[in-house]
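Heads up, the next two complexes both have chain A, just with different partners, chain B and then chain C.
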Partner chain A sequence: MTAMGVEVSKLRRKRLWLTVLLVLGFELLWIVAILTVSLSRETTAPHTMGYAIGQASQVHAIVAPILATVVVSRLAAMEHDGAMLPVLFAANQSRGSLFLTKYAVAATISTTATVIVVAAVALVAGGQGVPADPGLMIAWLLGLVLANLGIVAIQLLLALLFQRQAVTLTVGIVGGLVGSFAGFVPPTIAAFIPWQYPGLVTPVRMEQTGGTITGFPLVDHLGVLIALVGVVGAACTAAGTAVFAHRVSR
Partner chain B sequence: MKMLLGLVAPTSGRVQMLGEPFSQRSAKRVLPRVGSLIESPSFYGHLTGRENLDIVRRIKGAPTTAVDAALETVRLTQAAKKLAKEYSLGMKQRLGIAMALLGSPELLILDEPTNGLDPAGIHEIRELIKSLPRTHGLTVIVSSHLLSEIEQMADTIGIINQGRMLYQGSLSGLEDAGRLVLTLEDAEQAAAMLRAQGWQIEQVQGREVTLPVYEDKHIPQLVSSMVNAGVGIYRVEIRRRSLEETFLELTERAQTVQVAA
Partner chain C sequence: MSALGIERQKSKRAWILLVVAVLLVGLNVFNGAGNYLGNADIFEAQGLTWIAVWGQAGLLWAILFFPFLITVRAASLTRMEHEQANWRRLASYGAHLRIYRGKIVLLAGFVLLCQAMFVAAVLVVSLALGFDLTPSDVAAMLSWGLLGAVGGMTVAAIQLLVGILVRSFATNVAIGLVASIGSLMVTLVAPLLEAVYPYAQIGVGMRVRALDWPTLPETLGYLTGNLLLILVAVFVGRLVLRRREH
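On to the complex of A and B.
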């Protein structure tokens, strides 16, 4: 708890909230615009909550890795800019503790942003007359929260290992673009690419016939996909902690 | 220095700190007893001096009062509420020393603490470092390439060249007895006269006559014999090699031995 309190204290005057607000605000505007336009049109696909999730998840699959990357990058840059890592380690803060603390902060921010996005989709879709489907929304939210874990762990490890944040940011942005193709990649392949997890755990898949969207049916084995994403996220966190903890120069 | 703090792993050999072999396990016990300032001053620029110290204090588990005491020691109390990025280099260095002092360490490790400072800053940091063993009862290890600084600060020194310890011991152990150098109007004539009187002349060069260091009681006799002979005396002094000259001699000798081997 001390380490967590210290990490939060370090954020004073950093205006991290502004960065999050900008990225999240951009995502929300995009989602609201997409939902407003698509739900106001007459389509062959029924306007269900699955339809709204299918539309919104395309945006979230791009933005979620970018938001996670920007947050961890800011958290790590703070240490690199002030050359504080040797001071913290020499003051007896373990490398593992530092990684896990920053991870906890970044995961909390990403989770909060995810809750806001899911709530916004539910509200906008509900406002357009789409019937509520709490079970589906909870499944999507759970999947997205777990999907963030692996991305945050990998991006945080990069951000702490590389002083130049351009490396981390580039990987995160490319990850976001890769994530946008999640709907077109078979789950067996997407399972190996953590940046595609926000798309992988979307509970519906777009169905088309002759270039026309005909519906968003539920995906098979959603529970297995969510569990897989959770397990990989936990594994990435453990691996990231171990790699950073044993990183001592020679 | 980094190896002593577990920041860099040794390629070979072992590190012992405060009587304990240093390892990842023992670091938990050893590090709280050690304060350090490694390389450039480290700080969170967006936080004030006090906030920076409070972060390190909480990590070290030191009491809240330790922050004020550390600020007082390094004379940063007045600037405690100023953002660290607005500090001068000397103030940043003092902030780094204050961070190192938190937790009442027994040993303080300072790596190049006067690097990049102007003469006034160097003086300020030197005086601060010199006062710490007296005021805080701790041992300070300072590494520096500025040998004149070390000469003014240290009691015990170590000379490391290419990873090998060439000398470790008291500073006085490196000081030679020196030579008695007379600067005279006519060195050749005076040297001949002194030799005739039984004085031991080591060297005559230009206006200088070099003798071994005689006890103080012999000096008036030496000077009066030259005055009586009408020799013009410009200067009588004892010259010792500086630490820099000793350092160069030691390192050159070590390199010669290495090449020969």
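On to the complex of A and C.
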């Protein structure tokens, strides 16, 4: 059986889907509530797809790092719990292969969750009469998928290196909560904080005048931001694999 | 050795979470002070001083960061007993309920300590910003901080129960976080439910939205409601531990 097949078979009795459903279901509920309420009000800002993305991204910026953290923590904890890491290495699974397999599973789950969130935003906004904007939605989706990569890599490395999952969960969740400030932090600073990437790649930014939201204009240099997030994600993955391959778990 | 002493011995690395608590208190109070300075002319026109800092700093602290700290601490305390079948070992010599009591007392101490740090930080920042704090202002900070700690104990008791029921540390934390962020939804969508939603109790006690003294009936209702929630959570926790097949 391939490394990926083994990983998937281990998940069968772990009920990971329940945890994912809890976090993702909550996020969807929150987004649907926010969009339903905000799109049914008369506002100064025009009700465009950018408006819907701007509203939903505030929620997703908090939840995306939390979901990624919880998933990688569960994936790593199942090896730590049964003291399985030495057994796997004795059975000739390389450290690099273990990291990449778990990374692929976590990235797939995060990507699937992202696709569901973006689709839900498009459907709810479309259902409220907001004109479709496929280009903007695809740019947002692409950015979010790439934004997950760096977070998954860093959190997975912590989860595998430290047996106590409190470490990885604290870092990831504090990162997620701090990530909720992404809209208020200049992109040049947010670029150094991977947990802020889901907020950083949001294609629109809230514009306010005297405390009133006046619109969600497109951000400048979105392509550069998405490319940067993708490069950092790839670098984190490569660095995570290399570090885990050469370190001893504690 | 007392149950509390045993639990303290078992949590040798608890100081790490206290460091995180200090950082989060700092982040929130810094955010509150920054918001005050950014809108100083508006707040001065309204005659608001420390209360503006309290409201801004307390909102995210009460809704997100403080429940998160309590959740992680509670999950750590229960997780260690799920490892190597410790609940079974403790039950085999009838110590499981005593240990549970020790965990509740230890968590109560953690809640009080975190809340004391928050109140102290707001006090220091308020003095640094040059506010003239009257004894009544300090009394308000202490009272609201203490009421918030009662709400924190409610979250703690429920999270300990979740920790007894759910083995996975990550799932425990996820449940606590989702429930805590849920209080933000309750606050925005259905403010009337704030009074009964357990995870919204910290914010209600700290008066982060009302920003005024609660009336006596409000205070009594709040204390009674929270006491009831704590007692129910502890009762169910004991029941689960007693009836579980160890």
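Here, the second predicted complex is superposed on the first by the 246 of 250 C-alpha atoms of A that agree within 3 Å, B and C clash if a C-alpha of one lies under 4 Å from a C-alpha of the other, contacts with A are read in each partner's own complex, and residues count from 1 in each chain.
Just so it is clear, contacts are C-beta pairs under 8 Å (C-beta built on N, C-alpha and C of every residue); 3 or more make two chains touch, one makes a residue touch a chain.
Just so we're clear, the structure is a prediction, and the values are computed from it rather than from any experiment.
Trainee: Is A:V231 touching anything from chain B or chain C once the two structures are fitted on A? First, second, both or neither.
Mentor: neither
Trainee: Based on the superposed arrangement, let me know which partner A:V23 touches: chain B (first), chain C (second), both, or neither?
Mentor: It touches chain C, and chain B stays clear.
Trainee: By the touch definition at the top of the document, which applies to A:Q93: first (chain B), second (chain C), both, or neither?
Mentor: Only chain B; A:Q93 stays clear of chain C.
Trainee: Please work out whether A:R12 is in contact with chain B alone, chain C alone, both, or neither, and reply first, second, both or neither.
Mentor: The first partner, chain B, only.
Trainee: After the superposition on A, what does A:V70 contact: first (chain B), second (chain C), both or neither?
Mentor: second
Trainee: Determine, under the contact definition given at the top, whether A:M84 touches first (chain B), second (chain C), both, or neither.
Mentor: A:M84 sits against chain B, while chain C stays out of touch.
Trainee: On the A-aligned overlay, A:L169 touches which partner chain: chain B = first, chain C = second, or both, or neither?
Mentor: In the superposition, A:L169 contacts chain C only.
Trainee: Kindly classify A:T2 by the partners it touches after superposition: chain B alone (first), chain C alone (second), both, or neither?
Mentor: first
Trainee: If I apply the document's touch criterion, which positions on chain A are contacted by chain B in one structure and by chain C in the other?
Mentor: 81
Trainee: Can you name the residues of chain A that touch chain B in the complex?
Mentor: For chain A paired with chain B, touching residues are 2-3, 5-6, 9-10, 12-14, 78, 81-84, 86-93, 248-250.
Trainee: Quick check on the complex: what are the chain B residues that touch chain A?
Mentor: Touch residues, chain B against chain A: 2, 5-9, 11, 27-28, 31-32, 34, 36, 38-47, 51, 54-56, 58-61, 96, 99, 102-103.
Trainee: Would you mind writing out the residues of chain C in touch with chain A in their complex?
Mentor: Where chain C meets chain A, its residues are 13, 16-17, 20, 24, 27, 60, 64-65, 68, 72, 75-76, 83, 168-171, 173-175, 177-178, 181-182, 185, 189.
Trainee: Inside the complex, what are the residues of chain A that reach chain C?
Mentor: Residue list for chain A touching chain C: 18-19, 22-23, 26, 29-30, 33, 37, 62-63, 66, 69-70, 73-74, 77, 81, 164-166, 169-170, 173-174, 177-178.
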